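Note that chain A is present in both complexes that follow, paired respectively with chain B and with chain C.
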Partner chain A sequence: MQAIKDEEANAHPLVDHSVDLLELAEEYENGSEAFKKKIQNLSDTHDRMRRSRGDGNCFYRAFAFAWFERVMLAIKSKPELHANAVRTIEETKDLLLAAQFELLAFEDFYQVTLETLQNLVHFTSEELLTAFQNDEISNSIVMHFRLVASAFLKTHQDDYAPFLEFGQTMDEFCSMHVEAMGRESEEMMLIALTKATHVSIEVAYLSGNQAADEVNFLPFLPDTAPYMPPLVLLYRPGHYDILYRKSHCLEGVI
Partner chain B sequence: MSSAVHRRMLKEYMAIQKNAATRPHLELLEPIQEDDLLHWQAILLGTADSAYEGGRFKLDIVIPTSYPIQSPTIRFVTKICHPNVHFKTGEICLDILKSEWTPAWTLESVCVAISSLLTNPEPSSPLNCDAANLLRCGDTAGYNSLVKMYTALYATGDSDEE
Partner chain C sequence: MHKSMGPTALRRLMTEYRELTLHAPEGITAGPTTEENFFEWEALIEGPQDTPYEGGIFPATLTFPKDYPLSPPVMKFTCEMFHPNIYQDGTVCISILHAPGDDPNMYESSSERWSPVQSVEKILLSVLSMLAEPNDESGANIEACKVWRSDRKHFDEIVRSTVRKTLGL
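For the complex of A and B:
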């Protein structure tokens, strides 16, 4: 079973070129009316999407790519986004140390993430995509964001431990569900990453629910005032991709 | 070899040498050959006042190129009597080496965890049923004498038993 899953996953790049939202509609051509209506409505406000490989890491990879791409596209018009992002990633080192992670265990992932972010000043869209399609770079960035989410939860146990299954400690939850590669993310990880990076997310929930024609958007907000419009992710049960909102007017998306 | 795993193992190697004094039960942890950083060995010392006292237990450690995202494969080379270690193959049943592995571990912290498994066995998930059954039925004296016997037999000599 795992082998079939891996083979399926390996057939797709870790992060793909963006495509017109029409392609999403085509996937559901023979699907239920509920999906068709929702995608139709979604396409009023969103025009493109980008697939993240369904390997259990899709949320972290989609989040990191969408954030880094946003920073790169605004490198000339809003250089403060880049400065903010670099400062945020540098601060994650202190967060990880505060959560008792060993520097030796996380510094390679941290360095790759920071270097990729620093490279955005001269990256083209093509080069950013290539970096995220490279196993070593892409998985290091995923790993760093996993550890950041875990560190945030561990250092805010009082707030989040009540949501765990009875008898489970935060350390157990984090090592089994957050830090281990390939483990799918739940809302708690989205909340943790949003708050740890000060980057807001909106998740569009696309489901076969007949009761509504509209896609439901769920916001994840940091504690500080967001300094850029939210990253938009598309969620279908078990999987996250990236969405492009028309009003964000992003130029240079490939 | 992937340069990332190579870089990581070199860093671990240097850190281990620096920390040597802080971990009394780990006599040795190093690559078997200097030019192959993906194949290591370790020697654990049985803790004083335990049935493993006086024993030196050799571990064989194989690092996958995807380390630390994937766990190392570790087995006992020295024969050891323990509920969570297979008596013939040396396979270790420890959650952090299987389902609960996370890249936050290092070889050194894993070896320390294996060392503490020696004195904190989990008889509910046994690979050695004879040892586990003695513990499960509360026969600590029987268990300790069995462990002592095998420690004396296989883990106290000068040569490493394969």
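For the complex of A and C:
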């Protein structure tokens, strides 16, 4: 397992440059027709994608990058996105304390996340990518969002504990599946992070299912009215990447 | 600062050291071996009362990875220890020192795992309760497991003799 992870790490940066979506179809050149057809159809509405390393943290990293990039590209045209994001991240500190996390355990990750967000004011696209390719910064941000998802689930146990299997408690579930690096995410973590940050996500499910040529989109919505279009993630079994909708494809995406 | 010694890890270790100095839990002292290297710690653990380890003071080292606290440290007793969950070379094998998914000893799913919400203090407290209550389900020292299970009196005798050795008696 470790060998596979190391190999993956050497081959791919934590977050890569964006590429034309049709490049993805080339991966399936000799493979599933269903995949190829779906990518073709997806390319009518979405034109670019960005890979997040398949190290078990891909969802959190993709989510954080997509959000921060959205904010950065709109820093002049819609500065309120930045103000909202900063306020949201500042509020996560209260959520973590409410979930009984010790300040000592989360303050470093929180600080790095907040500072990176504040730096977006003068970041270029290249600098944002460099930050997310840096182990220290990137993993601290992943860790912060893991703790935020965990804190949300712990403070909303009544709503989510009934979905747990094998008589697991929410604390056990979070410690096994959310709070540790490299643990893969399930829908419950997507729901938690969406609601905790008030940022909506749309997940394009690209499966080898032959029944349909269209890609299924599943929305994850916060409890409040979303203040920006959803971040779009591409899901292939076991893995999340970032997807760009044509109409949202702002100038400056690299 | 050297790049391989990540600033997050160093900052966190300095905070934990400060906290441990200000509010040391009973029976535990721990800190960096030298001021120059915060990634190598020494700990002294007092044997818990009403256990055969009582009266002993057991030295151990904690070696932190450069991505601490994302990954856990390795803890190793540097004195002779006879205990079901301590390898013969002194390495401590309890669930809190392993991230979920890294499961050499098939820990119960409810047992506490490593994640950055844990800390040196929590590890050392777990080690104290491990000394008081060995877990023979996930043994590291098979001989100690066997004796602990079959002949508690003999187990206590062996432990007491190692306690005397650590005290230099």
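Note that the second predicted complex is superposed on the first by the 252 of 254 C-alpha atoms of A that agree within 3 Å, B and C clash if a C-alpha of one lies under 4 Å from a C-alpha of the other, contacts with A are read in each partner's own complex, and residues count from 1 in each chain.
Here, a residue touches a chain if its C-beta (ideal position, glycine included) is under 8 Å from a C-beta of that chain, and two chains touch if they have at least 3 such contacts.
These numbers were taken from a predicted model, which means no experiment stands behind them.
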item: Fit or clash - chain C, chain B, common chain A; value: clash
item: Partner chain(s) touched by A:177 [first = chain B, second = chain C, both, neither]; value: second
item: Touching partner for A:60 - first (chain B), second (chain C), both, neither; value: neither
item: Which superposed partner A:152 touches (first chain B, second chain C, both, neither); value: neither
item: First, second, both or neither for A:108, with chain B first and chain C second; value: both
item: Broader residue contact with chain A after superposition on the shared chain, chain B or chain C; value: C
item: Which of chain B and chain C A:139 touches, first, second, both or neither; value: both
item: First (chain B), second (chain C), both or neither touched by A:166; value: second
item: Intersection of the chain A residues that touch chain B with those that touch chain C; value: 101-102, 104-109, 136, 139-140, 143, 147, 172, 175-176, 179-181
item: Residues of chain C touching chain A in the complex; value: 6-8, 11-12, 15-16, 19, 67, 69-71, 99-101, 109-110, 112-119
item: Contacting residues of chain B [partner chain A, same complex]; value: 2, 4, 7-8, 11-12, 15, 68-69, 96, 99-106, 109
item: In the complex with chain B, residue positions of chain A that touch it; value: 101-102, 104-109, 136, 139-140, 143, 147, 150, 172, 175-176, 179-181
item: Of all residues in chain A, those that touch chain C in their complex; value: 1, 101-102, 104-109, 112, 135-136, 139-140, 143, 147, 166, 168-169, 172, 175-177, 179-183
